[in-house]
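Note that chain A is present in both complexes that follow, paired respectively with chain B and with chain C.
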Partner chain A sequence: MHFQLNPLTQKKIQRFKSIRRGYYSFILFTLIVLLSCFAEILVNSRALLVHYEGSWHFPTYGAVIPGKVFGLDYSYETNYRELEKHFNNDSKNFIIMPPIPFNAYENDLKTSAFPPFPPSFKDSHYLGTDTIGRDVAARLIYGFRTAIFFSLILLVVSYLVGVSIGAAMGYFGGLFDLLFQRIIEIWSNIPFLYVIMIVSSIMIPNFLTLIAIILLFGWIQLTWYMRTVTYKEKAREYVMAAKALGASHSRVIFYHILPNTISIIITFIPFSLASGIIALTSLDFLGFGLPAPTPSWGELLSQGSNNLESLWIVSSVIVSMTVILVMVAFIGEAIREAFDPKQHTTYE
Partner chain B sequence: MTTGYAAIAIKNSQGLKFNMDLLSVKDLKMHFPVHGGILYRQVATVFAVDGVNFSLGNGQTLGLVGESGCGKSTLGRALLKLHQPTSGSIIFSGKDITHLKGKALQHLRSDMQMIFQDPFESLNPRHTVGDIIQEPFHIHGIGNTLEKHKKVLTLLDKVGLPSDAINRYPHEFSGGQRQRIGIARAIALNPKLIICDEPVSALDVSIQSQILNLLMDLQKEMGMAYLFIAHDLSVIKHVSDQIAVMYLGRIVEIADRESLYQQPLHPYTQALIASIPLPDPKQRLNFKALQGEVPSPMNPPAHCHFIDRCPIRQNICNQQTPPLASIEGVKTSHKVACHFPII
Partner chain C sequence: MTQYFIRRLLLIIPTFIGITILVFVITRFVPGGPIEQMIAEAQQASQQTGGGLNGAGIGASTLDAEQIRELEIYYGFDKPVLVSYWQWLSKVVQFDLGVSSRYSEPVWDTIKERLPISAFYGITTMLITYFISIPLGYWKAIKHNSHFDHVSSIVVFVGYAIPAYVVGIILLVIFASNLEWFPMGGFYSEDFEDLETPWEQAVDVFYHAVLPLMAYVAGSFAVMTFMMKNALMDNLAAEYVRTAIAKGIPFNQAVKHHALRNSLIPIATHFGNNISVIIGGSFLIEKIFNIDGLGLLGYESIVERDYPIVLGVLVISAILQLFGNILSDICVAVVDPRVQFR
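Presenting the complex of A and B:
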C-alpha cells in the first residue's frame, strides 16, 4: 500500500521543526528517554566487560557471576570495583566498568566517615552520595527512568479511557452524555490525596497500583475536551456522508472523527507527561508513592530537604527536574504552536 | 427476453414513465423535539417536514425547490433514513423502508446515495481521495485491494478527474473538483436513487453548469433517479422532469416542468417564478416581492402555512387546510395546495 503523510501533517511537522527550542528539546528529551532505557550499561555496579584468563564475560544483563569464576575467594556476586583494583597489577586480564560504577541500591560506605559524602571524582561519586551512602547520580538516573515510564504508561492508559469515553459522550450525546457529565462532576469532587493516603495506609502501593489510583482521577480532563471536539466534528457533513454510506458507529468514530481530533490529543501529551512526573514525585516526596528503596526523585527531594547541609543532594534533583520539565514545556509549546488551527485551517 | 428489453428501451427513449414508482412518500412528517430547562423537558417542536406526499419514477428527476429553512434538506435526509421520520411512510422499490434498521438498512444504503451541498465539508480532510471513493466498497465488503483500486480509477475517469488524484487530499482540489469527488463516491455502488442536496449552490456559476451536465450525463448512462434539492429556480428548470415547491415543511405545488413554469397555480410559486432575475432591466419593474418573513417552523400557522404572506388570502384559509390536489382545467399530474389557485 502507498504510504504518505497528509500534506497538512507535513506542514505541521515543518512548523514544529522551525521552532528551534522546542525541536531541540524534543530531540534531547527523546535521547535521554532512550538512553535511560539502557541505564544498566551506563550506571551499574556490574562491569560491562571482563576479560579473565582468555575468556570474555558480559555481566551486565545475565545471571549473577560468583566471585570464584574470577579467582576470588567468595561465591556470592562478584564485586567488580574490587575486581578492577585486583586486576590493576595484571596485564593479561582486564575489566571495563560503566561510567558510573554503582547501582541505585548499594551503600558505598567508608570506614573513616559517615555518609552523605560530597561529590568526588576519585570515588566515582560524581554527584556524591545520599544519607545512607547510595550514589546520587545512579538514583537520579534510575529515578528518572521510573518517573518517565510511570508517566508514559499513565498517559497511554488515561488517554485510552479519556478518548473513548469522551468520544462516546460527544458522539452519542443525549441521555448517555448527560449521565456521564453528572458522574464526572461527582467523581472529580472526590479528594484525590485522601484516596491515596487511605489506599497506602491499607496496602503498600506498587508501580501498577499507583498508576491505577492516579488513573481513577486522571482520565477526566481529556474526556471533557474529547467530548467537545467530537460534538463539533459529529455535526460536520463528512460524518453525515459516512453514515449515508452505511458506516457503523465504530467506523465513524475511529476512522472518521478520531483522526480529525488528533491535534487536540497531541497538544495535550507533553503537559500530561509533565504532570505525571510531578504527580509521582510529589507522592514520593510525601511518602505515599513507591515503596523504599525504589529510586525516585521525590524520595531524593525529601532526603535533600531534610539534609540541607548536604546541598549536592537537593541541588542535583532540583536541577534535573527543572531541566526536564522546562524541556517538556518547550516541546509542548512548540507542538501547540505547530498545531494551531488558526495557522492550518482546513475549512478555507 | 431480448424483445422485452427492446420494448423497455423503446419506451425509455420515448420518455414514457414506468408504471412502478421507485420512491413513493406518503404523509411523511419529521418533527424535532426542542429540549430545555434543567429537567431537559421537551419545550417545543420544530415541524421541519409536516406531511409530504410525492412519488418518483425510475430514472426521473424530481426538483425540490424552496427557500432556506423550509425543510428541503431535512426531507432529503429523512428519505435516506439519516433521520428517523416521525410518521408517514417511505416506499422504495416496492418495499416499506420507514422502519428499517441494522443490516437491512445498511443493505439499502447501496441503493440510495447522497451528494452534499458543501464540497469542503463533505469530504474527510484526513483521507486521500482514493480512501474517500473506495469507502463504499470497503463498508459493503466489495472486492479486494486491487479490485477496489481499479474501481476507484474507473470512477475518477467517469467524473472527469485525473488518475493521479487518488493519492492526493481533498484540500488540494478546487470546489468543482471536490464536488466531482463527492459524486464519484455517491455513484460508486450504482445506486437507484441519488439525493442531491443543493450540489451546486456552493460553486461558481461557471462550474455549476459543468457539474449539472456531469450529473445529467451520469443519469443517462447509469439510469438512476435524482431528487434534486435547490433554491435556484433556473438550476431546477435545467435538470428536472418534475418540480415540487416546498414551503415551511409542506409541498404547496407539484407538477411537471413545463406546466409549473408556464402555469404556476400557487401564489407562492408565482412569486418565486417572478423573482427569477431577468437580463432585461425594464421587465423587472413589474416585479412584486413577497411581504413579510417565513414564520418559525416551531410555530407554523394552524392551517395554510402560507397565510401570513399570501396576497389573496380569505377567511377560509384560516379555517381549513388546503389539500394537495389536482384542479379542474389543468393536467391531473399538476397538484396544488391552495383554496384559490390562480388559473
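Presenting the complex of A and C:
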C-alpha cells in the first residue's frame, strides 16, 4: 500500500521536531523502551556467552542449561556467577556475564549480614539490594518494563473502547447516546482508585485482569471527548456529502470522521501513558496491584518508604520515576504544542 | 437557572444509587468477607480467652452452622442482593451506616471522627493552592517567555508529572528522615492533650501538617497555575483588552480590571473538582504520613474487609463529589453572568 503523510501532518511533525525538549525526550524515551525489551541481555543471572571445552553456549534465551554441561556436579540450572569464579584460573574456557548479573527474583544473601545491602561495585549490586536481598537495579529495570507495557496495553485497549463508544454516541445519538450519557455520569462520579482497590482486594489480579479492572473504570474520559468531537464533525458538509454519495455508516465513521479526529486523540496519548504508569505504581504501592514477587516500582516505593534508613532503595526508584514521568510530560507538552498551536499576542 | 440546579440536585439521587449499588454488589461476591473473618477470629479467640466478640452471638469455641446462620442474618447475607441493598439504603437515608465489623462501633461515629482531619487538610490545601497558583499564573502570563517563566515552568512541570504521594515520600526522606526538621507523620504529637494553650496546640497541628500539606499542594498547584496562565494569556490576546489599551488605559489596569477578572472563570470551575481530588488522592498521602483521616480509614477497611466502613466512606466521598460538581457549576454561574444553564 502506498502510504504518504499529508502536508499538514508533515508540518505538525516538523513543528514537533523543532520543540527540542520534547523531541529529545521522545527519542530518549523510545530508546529506553526498546532497550527494556532486551532487558534479559543487560540484566540477567544467566550468562551472555559461555565458551567451554571448545563449544559455545548462549544461555540468555532458551532452555535451562544444567550445571553438568559445564563440568559442575549438579543437574539443576547453572549458577553462572559461580561458574565465572570457577573459570577464572582457566585460560581455555571463559564466560561473559551481563552488566548486571542478577535477575529480578533471586535473593543474593550473605552469611555475615542481613539485607538490605548498600550499593557496592564489588558485588555488582550497583544500586544495592532490597530488604530480602534482591538486586534493586534489576527490579527497577524489569519493573519499568512491566509498567510501560502495562500502560501501553491499557492505552490501546481503553482507546479502542473509548473511541468506538464515543464515536457511536456522537454519530448515532438518540437513545444509545442518552443511555451511555447516564452510565458515564455514574461512572465518572465513582471514586476511581477506591473502587479499583476494592475490586482488586477481592480477586488477586494478574497482569491481564488488572488491565481489565482499570479499563472497567478508566474508559470514560476519551469516550466523552470523542462523543463531542464526532458530534461536531457529523454536522459538517463533508459528512453530508459522503452520505449523499451513498456511503455506509461504517464508511463515514472510519474513512471520514475518524481521520479528522485522530490528531486530537494523539495529543492525549502521552498523558494517558503517564497516568497508566502512575495507576499501576500507586496500586502496587498500596498492595493492590500485581501479585508478589513481580518486580514493580510501586513495590520498591513502598519498601523504600518503610525502610528510610536504606536510602538507596527509595531514592533509586524516585529518581527513575521522576525522570520517566517528566520525560513523558515533556513529550506530551510538545505534541500538544505541535498539533494545536495557539498564537498569543504579547504586549511589550 | 434555579430550575436547572433543582434538576441537578434531583439527579444526584439516581447517580448515588448507581454508584452504591455497584460497589454493594461487588462486596457481596467476596471470599473472605466479614463472616469468614469472624470465623477465623473466633477460632483464634477460643484458643486464647474464649470471649465473645460482639452482639452477633459468638461465644463458644468455633462457630457452628446455627451461629453462622445468625451472622448471615445479622449482616443481611441470607437475602438476595437487591433486598439487602434496599435495607442498607433505607438505613443510610436515616443516617445509619451500620456497625463496623472490626471495631463494633457505629460507622457514622468513626467517620465523624475522621472527617474533620481530612477536611482540615483539604481546605488548607485549597487555600494555599489558590494563594500560590493565581499570582504565579498571573506573573507567568505577564512575563511570558521570560527567564522567570521558563524557570518556574520547570518547577510546575515536575510538580505536574510526579504524583503527589511520591512528592510526599521525597519530602519525608529529606526533611523528616535525614534533616529531622519535621515529624515522620501523625496529625499531632502524643502529648497533644497536655499542651497548655490552644495556641500551642495549633502550632503542634501545623508543625505536623507542613510536609503533608506540601505534598497535597504539589499535587494540585501545577494544573491550576497552567490554567490561570493560559486563561490570562487568552484574555490578553482578546479584542477587548486591545481596545482598552488603544483607548489609553495603562497596561496594568487593563490587566487587573479587564483580563484578570475573566481569567478567574476557569479557576472557579475547578473549585468543585478539587473536592473530589482531595478525597480521592488522600489514601496515598494519608497512608504515607499516617494521618488518621477518611482516606486511611477507607484503605484500612478495605484491607481488613470491613465492608460497612468501606461502603460508609464511599457514601461520604460520593456525596461530597456529587455536591462538589454542582457547587462548581454554581460558582461559574456566579462569577460569569453570561453563563446560562438550562
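Here, the second predicted complex is superposed on the first by the 330 of 348 C-alpha atoms of A that agree within 3 Å, B and C clash if a C-alpha of one lies under 4 Å from a C-alpha of the other, contacts with A are read in each partner's own complex, and residues count from 1 in each chain.
Here is the rule we use: a residue touches a chain if its C-beta (ideal position, glycine included) is under 8 Å from a C-beta of that chain, and two chains touch if they have at least 3 such contacts.
Since this is a predicted model, take the numbers as computed values, not measurements.
K.L.:
Which partner does A:Ile32 contact after superposing on A: first (chain B), second (chain C), both, neither?
P.N.:
Neither partner.
K.L.:
With the two complexes superposed on chain A, say which partner A:Ser305 touches: chain B (first), chain C (second), both, or neither.
P.N.:
second
K.L.:
As a test of reading the superposition: which chain, chain B or chain C, is in touch with more residues of chain A?
P.N.:
Of chain B and chain C, more residues of chain A lie in contact with C.
K.L.:
Check the residue A:Leu215 against both partner chains and state whether it touches chain B (first), chain C (second), both, or neither.
P.N.:
It touches nothing on chain B or chain C.
K.L.:
After lining up the shared chain so the two structures overlap, which partner does A:His256 touch, if you call chain B first and chain C second: first, second, both or neither?
P.N.:
Once the two structures are laid over each other on A, A:His256 reaches chain B alone.
K.L.:
Pick one for A:Tyr238: touches chain B only (first), chain C only (second), both, or neither.
P.N.:
first
K.L.:
Look at A:Ile266 in the shared chain and tell me whether it touches chain B only, chain C only, both, or neither; answer first, second, both or neither.
P.N.:
neither
K.L.:
In the superposed arrangement, what residues of chain A touch both chain B and chain C?
P.N.:
346-347
K.L.:
Mind listing the chain B positions that touch chain A in their complex?
P.N.:
Residues of chain B touching chain A: 40, 77, 80, 82, 105-106, 109-110, 112-114, 116-118, 120-127, 135-136, 139-140, 145, 167, 169, 171-172, 182, 185.
K.L.:
Once bound in the complex, which stretches of chain A touch chain C?
P.N.:
Spelled out, the residues of chain A in touch with chain C are 182, 185-186, 189-195, 197-199, 201-202, 274, 278, 281-282, 285-288, 301, 304-305, 308-309, 311, 314-315, 318, 321-322, 325-326, 328-330, 333, 342, 344-347.
K.L.:
Can you check the complex and tell me which residues of chain C touch chain A?
P.N.:
Where chain C meets chain A, its residues are 11, 14-15, 18-19, 22-23, 26-27, 29-31, 144-145, 157-158, 160-163, 165-166, 169-170, 172-173, 177-178, 233-234, 236-237, 242, 245, 251, 276, 279-281, 283-284, 287-288, 298-299, 302-303, 305, 310, 313-314, 317-318, 321-322, 325.
K.L.:
In the complex of these two chains, what residues of chain A are touching chain B?
P.N.:
Going by the criterion above, the answer is residues 1-2, 4, 6-8, 178, 236-238, 240-247, 251, 256, 259-260, 346-348.
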